[in-house]
Structures are given as C-alpha cells and as structure tokens.
Amino acid sequence: MPAPTPAARKTALVISAHSADFVWRAGGAIALHQRLGYEVTVVCLSYGERGESAKLWKQDSMTLDKVKAARRVEAENAAAALKLHDIRFFDLGDYPLDLGREAKDRMVDVIREVQPNWMMSHSRWDPYNTDHMNTTQFALETRMMAQAWGHNPGQKVLAAPQLYLFEPHQTEQMDWKPNVFLDITEVWDQKWAAIQCMQGQEHLWHFYENVAENRANHFRRNSGGQAGGRAAKYAEGFQAIFPQTVDELA
Amino acid sequence: MPAPTPAARKTALVISAHSADFVWRAGGAIALHQRLGYEVTVVCLSYGERGESAKLWKQDSMTLDKVKAARRVEAENAAAALKLHDIRFFDLGDYPLDLGREAKDRMVDVIREVQPNWMMSHSRWDPYNTDHMNTTQFALETRMMAQAWGHNPGQKVLAAPQLYLFEPHQTEQMDWKPNVFLDITEVWDQKWAAIQCMQGQEHLWHFYENVAENRANHFRRNSGGQAGGRAAKYAEGFQAIFPQTVDELA
Amino acid sequence: MPAPTPAARKTALVISAHSADFVWRAGGAIALHQRLGYEVTVVCLSYGERGESAKLWKQDSMTLDKVKAARRVEAENAAAALKLHDIRFFDLGDYPLDLGREAKDRMVDVIREVQPNWMMSHSRWDPYNTDHMNTTQFALETRMMAQAWGHNPGQKVLAAPQLYLFEPHQTEQMDWKPNVFLDITEVWDQKWAAIQCMQGQEHLWHFYENVAENRANHFRRNSGGQAGGRAAKYAEGFQAIFPQTVDELA
Amino acid sequence: MPAPTPAARKTALVISAHSADFVWRAGGAIALHQRLGYEVTVVCLSYGERGESAKLWKQDSMTLDKVKAARRVEAENAAAALKLHDIRFFDLGDYPLDLGREAKDRMVDVIREVQPNWMMSHSRWDPYNTDHMNTTQFALETRMMAQAWGHNPGQKVLAAPQLYLFEPHQTEQMDWKPNVFLDITEVWDQKWAAIQCMQGQEHLWHFYENVAENRANHFRRNSGGQAGGRAAKYAEGFQAIFPQTVDELA
Amino acid sequence: MPAPTPAARKTALVISAHSADFVWRAGGAIALHQRLGYEVTVVCLSYGERGESAKLWKQDSMTLDKVKAARRVEAENAAAALKLHDIRFFDLGDYPLDLGREAKDRMVDVIREVQPNWMMSHSRWDPYNTDHMNTTQFALETRMMAQAWGHNPGQKVLAAPQLYLFEPHQTEQMDWKPNVFLDITEVWDQKWAAIQCMQGQEHLWHFYENVAENRANHFRRNSGGQAGGRAAKYAEGFQAIFPQTVDELA
Amino acid sequence: MPAPTPAARKTALVISAHSADFVWRAGGAIALHQRLGYEVTVVCLSYGERGESAKLWKQDSMTLDKVKAARRVEAENAAAALKLHDIRFFDLGDYPLDLGREAKDRMVDVIREVQPNWMMSHSRWDPYNTDHMNTTQFALETRMMAQAWGHNPGQKVLAAPQLYLFEPHQTEQMDWKPNVFLDITEVWDQKWAAIQCMQGQEHLWHFYENVAENRANHFRRNSGGQAGGRAAKYAEGFQAIFPQTVDELA
C-alpha cells in the first residue's frame, strides 16, 4: 500500500457511546484508515463509568472519578495503539447518557471542525443498551444539524458523509445487518494491542478476536470463496445507512 | 473516461424475465459498463409475448409467433442502442415462466461461459408479476449451481459475483430498497434510444425518464447535496443482495 | 340499505385452499356483498379431506371419498347460508395441494369468467399450513396470467382487482396485518349459520365468534371510539395487498 | 364535481415540520380537498429557517429573522395558491425542532379546534432528517392527548381521524410504503403554482413534477391498467397508519 | 400443583403505563405466578386519569383528583383479586407520561429492590397510544441502569431478566408477535374478577374474555392440536424480547 | 446431570440439506440431547456432493459416486462422534435438491416413524444457498402432511413439535435471529471431534469453534452477565419458528 499523497488527506469521525466501544467495533477500520492517510477522530460521549466498569467497581474504595480516570487512560492507550489522530471525551454521564441540546451543539461543532469523509456509530436498535441506540439517533440528529446552512452561519456546512453502523455485541438482537466488510488483516496487530488496553473488560478480548476471524471468513466468501476470494484473516463488518452513489458497479 | 486496457476487460450478466425488462431497469448500467470495457450479456427468459405485449395483441390476425418476432426485434434494437455485447433468448414462455430443471441447467451453462463480474435481476417480491420474483429465485439458484465444483466437473466454477436487483415498477410494493446509485448521465442518450425501441410500450417511456431524473436527484443528495454533490442528471438505483468486501470505506 | 340497482351488479372471487376456509375467514364479507348486489364465487382448491377432517377420520370405515363427500356437503350448506352465488370444487388434493400448470390454467378460466371486482385469499406466510401460503402465491400467479392479453387471445382480460388476504388462524405468526375492517353486523346471522354447517370443526365455532366480536371492537376503535365510532357488533379484518387509488381521502 | 352542500363541510389538518413540506408532499391533497368542501389547516412547526434555506443563507447580510420572513411569505403564497383555509406557524426552531410539553399542549389546542376528519404528517423513519420523524412521533402523541377526556375537561375530544404519512424524499430509505393513491389531476395547476412559490428550492420543482406524474402511472396501474384504469395525469401517494373501517370492499 | 418450597421463592415486576393495563394484559400471568410462589410487583406509572377515564369525566363535577382516586381504588381491587404481592403508583401524569430522569431513578430503585426473575411491559410500537411505547423504552432504559455497577454502588445490581411484552389492544397494528403462550385456566376466575373491578371500562370486559379464550385455542394448537394438545381454556400471549438460555430444547 | 429414566425417553429429528450441515450447526444440540436420553435422527437430503465438496473435486479422477461415498463416511463418522441414534441419506441430489412429491412422502414416513419432540432445519432465507431455504420450506410442508389424519390413515399422526432453525453461515444475510441459546459446554469435545471428521472442509473448523465460543458469551450475557450469568464456554443458537406454550414464565 503506497504512502498517501497530501492531496489524499481525508478525515473520519467515530461517535462512541462509551469509551471502549470504538475499540471492539471499529478498531480495525480506524487503524487502517489512519494508515491510508485519514485523520480519524473519536468522540466518546461517556467513559462508560457507571455501566461498563464492573471490574473497577468491585474494587475497594472506588469512586466515580477514579473510574473515569482509569477508563480514560485505557481509551487513550487504545487510541495510541491505533495511531488515532484525535480522541475527545464529552463526559456526558452514562446509563443513561444525557443527550440534551447543549450536547448536540457541542457535537455539531466537532463534526464541522472535522468535516468527516465518513462517520460511524452504533446500531439502530439495542434492547440491552439504550445508550447505544440513543447515540445513533444523536449521531443522525447532529449530522443533520451540521448540514444546516443556518446553524452558525459562516461556518463550513457538512456535506453528506456515510454513517456506518459498527457491529453490536449480538447482531441479530439489534436488527443489524452488515452490507460492507473491511479487510483489516494488515492492522490486526494494532487492533489486538488496542483491545488489550481494555484491562477492565478482559472477558471480551477473545470474543472480538473471534468476531474478526469470522468476519474474515465472510470477507473471503463474499469476495470469491474458493474460486478467487481474498485471503483475509481478520475483518470488520459495517452497515451503511445511506445508499452509495457510484460510477461503476463492482 | 480513458479507454480501458485489455487487462481491465470484465463481464456482466443480466437475467431478464421478459425481453424489455433490461431496458427500463438496467439500460444505463449496461451502456455505461460496455463503455467501461465490460462485455455485458443479457438473457431474456421470455419475450413477454403473452403478458407484456398488449398493444400487439390488439392488432388483427396476431399470433404468438408474430408477437415473439416483434418483441425480439425490439429487444435486439435496444441491445444495439446500448452496444450490448450479447443477448440471448431462452423462449421459456411467460405468464408464467417455465423454470424447470432444463432451464436451470441451460442458465448455468451461460453463467459459466460468461463468468460475470456481477449479475443483475429482479426484486425479491412482486405481487403484480410473479414471473419477476420467480426469476430472482431462479437467478439465485443457478448462481449457486454455477458455483458447485461437482456440476459438470472440469468447467470453470463461478466465483461470488454480486447480484444486483434492478428497480421494479413500484418500488415500495415490491419491498425493494436501493443501496447503490449509478450515475448514467453520459450514456443517457443510449438508454433513451433503447427505450424508444420499445414501440409496444410507449406509455412507459416518460415514466422511466422521470425515474432516471429523480434517481439523479437521489445521487446528488447522497453524494453531497448542495455542499459538493456530483451534478448527475440521470441515474439508476440498485439493491445489492450480498455485502461488499472492501479495502477502504468511502 | 337500499336494494341495489341492476347497474350496480358486481362480482367477487374467493380462492380457498380447503373447503371450509372461506367460511371462517370471509363468510361475513361474502354474505354482505351478496346482499349489496355482488355475485360472489368461491373456488375451493381442495376439500381439506386429508388435513382438515380429523373428526371424520376418527370414525370407523372412513374413506377418502366419504370424507370428500361429507366436506362438500358442509361447504355447500355453508354457501347456501351465505346465499353465495356460486361455489366450485377443484379437487386438487390437499396436504399438499397440487398446483401445477393445469390447475393454473383452470383457475385463469374461472377468473376471466367471473371478472371479479375484488379477489380474496390467504396470508403470505403460514408456517403451520404451507397449503395456505402456496394458495396465495397461486392466486397472485393466476391473477397475473388472467391479465395477459396473449393468454387465450380474444377472451376478455382481467383488469386490476384488489387481492384481500383474509384473517389466518394466528395472525401474528403469519405476518398478517389488517388494513381494512368490514362491519358484518347485519349478516352475522348468516355467517353464524354457515359456521354451524361445519360439523367436523365444532371446536372452531366459538373461536371465530370471538374473532368477529373483537374485530368489531377494532372497527369501533378505528371509526371513532367513544367519540362517534360506529356501533358495529361483528366485523372481519382484511389485508389489502395492493394500494388503493382514490379521489378523496376519508 | 358538484359543489358540496353545507352539510358536507369537513376539516383536515396537516402537520409540517418545516414550512415547505406541505407543498411538495401534500399540495394536491390540500387543494383537492378544499375544492371538495374541506377546510384544511396546515401547522408549520418551523420555517425550516436553519436547515432548509441554503439559498437564502448564501446571500449577504442574511439573518435568522430575514430568513424566517422570506420563508413565511413563500409558505403563505403557496397556501393561497392551494386556497388553503388556514395556515399557522409555531416557530419552534428547526434542526432540531424543540418539541417539548409546551409545544405539545399548543398543538393539542389546534387539533381540538380543528377537529379534523383526517390528519397528515411525515414518515416514521428518516435518517436524513430527524425533524421529520420526530414530527410524526409528535403528531401521534398530540393526537392521543387530544383524544383524552381529562385533557382540558369540557373541551370537545378528538375522535379517531386517520393519520396519513405523506411521501418523503427518498421513499425506500424512509421505510415508507404507500397504500393510497389520490388523483390530483384537476388541481395540478394549483399545486404547480404553489410549488413555484418555493423560490428558495427551485431545484426541487421538477423533481416533484416527476413524482406526481409517476404516481399517476401507479394510479392508472392500480385502478385497472390498460383494461380500464383511470387516466390520471398527476397523483399523490400516502401511507395510512391506521386501518380503515368500511361497509363495502371496493 | 404442589405448594412451592421457600427456596423456590421468586419475584416478578410489571411496568404498566396506566393503572388498568396490567389487568387486561397480564392479569392471568400475575395470578398464576403468585400461586406458583412468586411475589409479583406492579408499578403503575400513572392512573390513566386523563386519557383512559372517559366514563368518569362524563360525570358532573369531576376533578383530576377524584378520577385518580377512583382509578386507584379500581386498581387496588384488581390487585387484591389477583392476590398481587405489591402495587405502586408513580403518579407521573398521563397522555403524555413524564418520564424524565427523576422517574428513571425512582424506577431503578424499585427494580433493584424487587430483583425480578422476569419483567413485563408494553409493545415496542403503538401508534394509538404513545404512552405505551414510551413505557417500553423506559422499561428497557431502567433495566439497563439497574444493571450498572456504578449506579448507586453497593446496591445489588440486576442480573438479566427477560422482558416480556404483553398483548396490546390491536396486535398487528403494534408490530407485536407472541412467542410464548401461558395457560391461565386455573386462575381465570381471578382474572375475570379483576377485570370486573374496572368499572370505568366495562366495554372492554368481554373483549378480553374473548382474547383469553382465543389465545387458549392458540395454546392448544401450539401444544399439539388434536393429537395431544393441552386442553387449556384461557391463555395469555407474550413476546419475549431477549433470547432464552436453555439446557435442553423442548 | 442424572441419567434419564426410561419414561423420559424422547426423540428429535434434524433435516439437513447436505450431509455436513448438521455437524456445524447442530452438533452440540444433538450430542447433548443424546446424553439427555433423546434418540436423535438426522436425515441428510443429499451428500452435498456437487456443491459442497470442492476439495474432493480438485483431486484427479474424481467421480460423483466417489464423492458421495467419501462424504457419507465423513457424515457417519461425525454421527458416531455425536453418538447419534440414527442417520439416513435420502440421496436426492444437490445444487439443486429435487424435492418433489416422492421425496415429500418419504420424509413424512420418517417423521411419523420418529414422532419427534422437536424438529430442526435451516433458515427461512438464504441467498447464497437456495438448497437451504428450500429445505426449510420442505420441512414445514412435510411436518404439515405428517399432521394430516387423512395421510395414510391408521398411522399415528404427528403432534405439534417445535421447528428450530439452526444457525446459518452468515446470520444477518439470512434474516435469522436466535431466540434460544443452548449451553453445549459438556458435549463440546464431541462436537469438536465431529467437526474434525469433515476432512473436506477443514477451512470451516475454526470458524465454528469461534461461533460456539461467542454464542457462549451470548448465553452468559442473556443468563445474567456479570451479575449471575451461567459460565457457559460453548453454546449454540436457534430460532424457534413456533411460539411456546408454557405454565410458568422464566
């Protein structure tokens, strides 16, 4: 893969309900696109401090601030492993997230600053975790606001980037169906390193290793199978919400 | 658009229930891909002689053979306008199609001969026209047979081409939802010429002109809208059945 | 309700997989439309002799012919109670139905003879009873054939009658959702009499009485509730497959 | 069409997220029902001042108030062209709409004042424009509140008017499926005039002309096709949320 | 049915938008599980004082407080008939419910106190009654909060109880599909008594008697039909949101 | 797990399109239920000789009979590893299967002989492999025939066993959603041994190991997560087509 020319510089934005979601679900896409010359920004709406830090809370003398600090370090380490361009923490509280007007305006500012070529977030439905589906609604709403010429007139408005939905924990229960598979073999080492930064959720490491291997199987099957399929070893699946506009079918 | 190099030679296969379907629904994709260096083959399972030739049957002394001959001429003229590489007529009868084992084996032979980079057919459901949805089932079944190493061993087996579902007449009634839009502006003249070959269905010409214009609006909206969208004037929409396998999200 | 004028004479066609289906699911619609001046024809594809006659088969010395004869009498009695214009028995065998080309051509002949203002059949999906969903597919296919100008040229082709799907036994399991409710209060006595003709399935009588009462509740709720709803006491629900074309919203 | 008698006086209510939505999506239904003797009221929740006024914002020295004023004039002109009975502007802000309790109570007051025979609003889902789908949720919620006997006791409660979902910009992406088509041929001139009032969105004029022509094709196809279909030239499609309650199938 | 041993003591929690919902939709399940040794708690988010008390509001000199008091008495009487362990009234107002952060925290406290083996609430979608679908969203959100180790650390967190959706008034319109049927024959007398406590909604008594009878028919059909089905006379249907985890298929 | 008493003896029936499907998708359920005292029968409709034996066909001098023989040995070895009660080979040909009336009658004979407590087959939809979805249709049709009192009168008719759909290769593409997870930890060694019998498809071994591990994660999540979930290490997921009929919610 040749080094990208300056002209090819692109950006992407991932909106993550809690501070670890982007690692399991999109770590490969992030690392790969950084390597392809993208500047990827991740916004963590919360640290998952209340709902996704069971291991920490089982320790003595734990406090909300300590949990947040620990989760932030993990996320920053993972970001470094993925060579992530930028990570921001909105600290909106979790279980549930507080996604009011102030949070929306702040998110729009980031979207406009980043001007992403594509965006990424959670599934449309998640009965286990309403933070996830509320984040997707929030992503759609703020994407729309960022497209409005009358929102902070004078700022550069957003075009129409794709919103990819990354893979939830139990795909079928979340009504999620992938229509894009991405070969992440060459950046797997980075994703695996990032996953290992998630000290508080070690029980999920192997799960997402398996997911990556099996999505690679799907990649191979969909790219030709035994009659010419790409020999991907690790892959990620995504559901694109918006249709593509293309010049050639492939 | 530069002339394709020999190495870029590719093929595509469109399975059309009746002899005019490929014109309305995929004429732009066909002409464009021919120009891109593809060799596109269309298989018309029937002439639509019984069910889609009302205008001819209203003439005096009409016979089934005369209808078939007239429909064949129209389809061949349209194929010429689209600079189609090859068109074949299976003459299986229509309303309903006879899609038995013999037809399946014959179809598999063509699929293997063509070795298409992508295939195209009708929607999954069509309460107005069961020939259409039966053709899609037939396309899936024969695609699968063509992938079987034990079907006529020694022949080259099929890889895993995408099956695009082209646009039906009333999209929502057919549970059809496009996830790909193709800009056909540069070949619109050809599609329009092909459409005009359909003398027996002049009442549909303007309808599909409108469809092409409006899908171009969708193309513009999905490729950036007023903030950078491609100025497509004519487009076609397709629903890809199988997920993509990509190296970069776009 | 005034007596219909001769000019208002209309026809309808109900395609019933087994000989009792039309009673439970559409008896009210049939009786009401006969009273409204329609000539309603029912085609029973089978007698339900193998699969829906358990009570008869438990008798000694029962034979297939005896079951068919008994079921035919029940259906004819029910038809008389509903003042049905015409009932035909295709005797295609049941569990499973044999719906080959010959059956299709025969069905098309009836459709063209009747020229129905509307048609009616089963739900799209029925995991308990594949005869039911195959009948719906058969109804759509033969409706399409009857519209073909090249099918027996010279006969009057069919226009575009609505296909209503009548209520299956377990609506939610069959993916059936009503979009039309019909007040059958004034013909309930007839439907109840027809139901009682079904001596072999007495265990279903009360079930469909309840259905009729509860659909009337839905009728009332949807026609205004406590603030003006029609005081229907018995109703039937239907799912119209095709959209309406209207001059005024109501 | 005869002049309606006084007794036939009816009302309708259209809830439009932004001030132009009612024109593109329901202008024909509005003009036609005015002609049929209805008094139609449109509530514009916002002017679309931030999100749907790109052309205005590109002018020098533009302000929010100027945009609102310009959009209001356009909407009032369109209302006049459609001979609309009444139009109200809630000015709730757009992108996103502020649909809190105060807005709900205000909306309920209008619903009860109008006592509509039918209501109309947006699609259930719209990933491009969350204002649209939030408006539909708002319409359902306020319709329910208006039916409550304990909401402002003493006021006349609402019965059970249909809620029609008018056509969104990209039907399939919004999970919208029409089940009613309305022939608007005789009021097309008015709708076309109203469309031309939308000076800021001239790029959409032809799009919705095409939509109207093609829905007319669907009208013709569903009302009989070449074997008797109504020769509609312009039509609109709607999705009725609630089932119908009828006395006769048609 | 043997008396449960102390070790078998279990709990369940039903979240009801208005104070009568639990009776019509889950009265049998409640009475049966009380008899099976469960302690069932019902939380009524409102009395349905504004929207579901039409009969009361038609009386002279009625006030909101009087309606609430009357509705509370009815609900308490029904609870007694069902031998309900506990009933709580959140009094959040209805049409619409006010489901803000305070209500959520209060609900989580109850969930944690009860530690239910299973939970129960409304359908995912209800276009007639947005209180119902908002309650389901609220149930999912508070279930998630109750599972968070960081929510009131030190409290016992919730495990993963099933959320059953009980039967709405018009199942198909609410996208509700049962996957569990419960035989309530032995407690029917109690449910019937509880139903009769609902003096203000006598028009619904018979409707839900019919529902119970017909769901029993579905119980019989799904448990073996004429070849061995359980002879249930009354049943209730539920849709389980989450998959089961089992040791043996049955 | 105690040894089952003779009275607890039960049976199950798995209908597998090709001779390896039952191993990947249901091997754990089979081994576990054998251990629970069930007698499980597997019917392989074909050997997958044409379509699922690529590795064999790449060998020199391969013939259809040799492929079938090799595939049969693999399946029999897998059956032995699972301690399967009985395996039958219908040899109907594959890619496509020939599922005519004769095959149906033969299948009904087996169903009636086995009298299964539950049945198992493929997903409802599979665009990659129409043999799979046609097998499901075939399973539903023959289950229905086996319930018919008039089919071979005198034989014992089938009751109403559940039909479980086992996990397809790409769940989301097949519209498959599990509602039951089964803990197969204690029989994993057997399933793993059976998998290794599939010499011709070694590329799938690890894939299904991963599936089993990840479904165990889902098992843990759905049975209580970190707050009490069962520590399953391997699991299988199934979609039950028919609702359950129960005496107690769990």
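Some observations on this one:
The chains carry the letters A, B, C, D, E and F, assigned in the order they are written, with residues numbered from 1 in each.
Simple rule for what comes next: contacts are C-beta pairs under 8 Å (C-beta built on N, C-alpha and C of every residue); 3 or more make two chains touch, one makes a residue touch a chain.
Predicted model only: the values in this text are computed from it and were never measured.
Chains that touch both chain D and chain F: A, B, C, E. Two copies of one chain, chain B and chain F, touch each other, and the residues they use overlap weakly: the shared fraction of interface numbers falls below half. Ranked by separation of Cα centres from chain E, the top chain is B.
Distance from the centre of chain C peaks at A, each centre being the average of the chain's Cα atoms.
Distance between chain centres (mean CA atoms), chain A to chain C: 52 Å.
Centroids of chain A and chain E (each the mean of its C-alpha atoms) stand 37 Å apart. Along chain D, residues 54, 128, 147, 157, 173, 178, 218, 221, 242-243 each make contact with two or more other chains. The list of touching chain pairs reads A-B, A-D, A-E, A-F, B-C, B-D, B-F, C-D, C-E, C-F, D-E, E-F.
Contacts from chain C toward chain D in the complex involve residues 12, 29, 32-33, 36, 117-118, 147, 157-160, 162, 164, 178-183, 218-219, 221-225, 227-230, 232, 235, 237-238, 240, 242-250. Chain E meets chain A in the complex at residues 101, 104, 137, 140-141, 144-145, 147-151, 153, 157, 163, 241-243. The touching residues of chain B, counted against chain D in their complex, run 54, 128, 169-173, 176-178, 206-207, 210-211, 213-214, 217-218, 221, 226.
On the chain A side of its complex with chain E, the touching residues are 49-51, 53-54, 57-58, 62, 64, 67, 94-96, 98, 127-131, 173.
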